[in-house]
């Protein structure tokens, strides 16, 4: 597992708030190998969510480089980075952010439809993914009819739809109770075991411990980066 | 009856007709004068048939057109001349189309009408008001049409207003939910929305009245130019302003009330999450 | 998927969607009515003028047909000179007047039209036949109803009435041989058509060899305006009007309604635009999280804009369909008001529906629906993803 899927070099992100400048990320260099399961942890305001957004091409760095599978994400135009995210990356958020007007099946289909996957193929894969996350019997339910944990499972299935190289998760257990959170952690472990590189940002110690590598951030810099002890 | 040359005989005092030795004067309406370039003192020939023999007359005065709605759409020219001259010119003899009679008013008018109609051979006396009603049918139709458009506009405005109020109030449902959760009563919320709706309605009315007044100036300027008449086509009266303002305020209040009621009837948690109560049952089943 | 998402989003807020559709329907109805008004009167007037096939009308100098009581002298000579023109196929002389018909103790007044039965273009026979003898007439349905008479009855009619002596002049017995629909007269008008010579005799010396109007048909392929100019040179003491110049007169006299139609139509479009913009803006603001997530997972901005614009178009189209029915109903009501103008020919409609009008209104509404949705959706789809997600999380 030495081949790198993601690397950053001297990554910086500054925000201008009125007359002040906030240095959210200060010169972070990070390498992630294919198949790794990395947790980025740290106190509130340490820059971990900003770091995730930079890694995923959702935000543009003030300076520095982000490379995913040889592609310089930081140099892509908005259109290019959108296409890149569609085909190569997956995202899971704290608040699930499913389309409330669509069923679970249709939510998982959405990225595949955008990628012009033929209908028959994408429906079959969506069903397969929902079964994989344990929701095979709930495919026609809308988000309002699903529990928080079920919604997050659908979000994970959606993130896996286009076979991403990296799956980014921002506080995936943040809105879940302890029991459901544990189920989510187990699911992410399963996803990683099946070959998907995962980068997760979390406050949750249990989730952090499930990762194989933990990167500690404070005040925008990485203060510790070690393999997790189990 | 109107004559081929569209001449209108004004009822002047009927004197004994002196032998004419010099051209007599006529009064010409300003539209005719403007179109053919006539000025006071110019001579012209009046005839009852096109190209036929006629009388030479002198333009003695230019007459401004009256603000008469019945003249607006008709592109007529008018010449005022002495009665006897017109009678002679058109071979009408000792005849007129009508007499206009001024009485001492009140009961005198009634008794005059009775006396005339009793003694009359082949003519009838009418109050001017009765004639006006008959001849203003066209404008009654236009009034009815305008009123219908007005009613349709009011109904349409009510629907538009309700739509927009519902949308805008709906946009703030999370704020309303938070207020309800910290203990603000539904009544207070409804009241505040109504006050807001009323303020918008009053402000909107003010702007609307200003726009309407400005539009009426524009309409009068434009149509007076098109029809060459001093007639006022659009008049904004205090009554109309009062009606428009009252209507918009009432509509605004009703729309605000309905929008607010819809919001406060929804439980706060549902407002926040957007989920309905029956989700609770689905939740229990899933776990 | 985009269509499905747009549709599903609209259905999610049914009440709001229905109310907005209703608002758009009212706007669409008014727009349709105004489009109908702006072209209807003109179209129906033109249809009325060309219905009988007469392209030219000749009236006393300086007047429009039947605008005054003036008549054209030397009618026979003028008719011959008109007929002599190689491009003229039919000349129909018409004399107007009043007939005072005695029915029992009552006197009923009727508009009289004297013409030549085989060439006339003023009426269509609905029952019976065209007058062929000097003492035969046809009458309007309203006259027959008011008088209680029927086809086959004989009437006593006079062309003149002396109010001083209360006596009639030019009285004659006439037989009703048909019922007719008078094309250029109001539906409620009491009217009688009779041979031209009969009416001239009844009117006495003042109408000898005089008519109120000539209607002229030109041969197929001839340019009516060219014929008009040629005839005008030979007959300078009359006024000639082609259908085109008559339409110009009508345009000028009825310009008020066209301008009203334009203004109200524009206001309707503006209000429809405002409604859809408001709906789309509110909808976008509510769904900012969903929108940026779609961007985050890789849906292109243009596709998001397209999906939201589709919602606006769907509302416009639904509103347009409902508005079509509503518009036709209100047009009928408004037309019934305007149709009561005194002296308005029955053939004139102010609100005339032509499919072209519906397509025009639909096209305008669709364009407005697109414009209304584009800006708010583009704005929503262009928000910075990371910042918006943070704000949504905090909110």
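When the chains are written out, they are named A, B and C in that same order, and each has its own residue count from 1.
Criterion: a contact is a pair of C-beta atoms (placed from the backbone, for glycine too) under 8 Å apart; a residue touches a chain by one contact, two chains touch by 3 or more.
The structure presented is a predicted model; accordingly, all values stated were derived computationally and were not measured.
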Chain whose mean Cα position lies farthest from subunit C: A
Central chain of the complex, centres being mean CA coordinates: C
Whole-Å gap between the CA centroids of subunit B and subunit C: 23
Length of the line joining the C-alpha centres of subunit A and subunit B, rounded to whole Å: 68
Chain centre separation (subunit A, subunit C; CA means) in Å: 66
Residues of subunit A touching at least two other chains: 100
Subunit C-facing residues of subunit A, complex: 49-50, 53, 56, 58-59, 78-79, 82-87, 89-91, 93-95, 97, 99-102, 106, 109-111, 113-115, 158-159, 162
Residue ranges of subunit B touching subunit C (in the complex, touch as defined): 1-6, 49-51, 73, 75, 121-123, 137-138, 141, 144-145, 148-149, 152, 155-156, 159-160, 162-164, 166-168, 170-171, 174, 223, 226
Subunit B contact footprint on subunit C (complex, rising order): 15-16, 19-20, 22-23, 26-27, 30, 60-63, 68-70, 73, 162-166, 236-237, 252-253, 255-256, 264, 271, 274-275, 278-279, 282, 285-286, 330, 333-334, 337-338, 340-342, 395
In the complex with subunit A, residue positions of subunit C that touch it: 1, 4-5, 8-9, 11-12, 289-290, 293-301, 303, 384-386, 389-390, 392-393
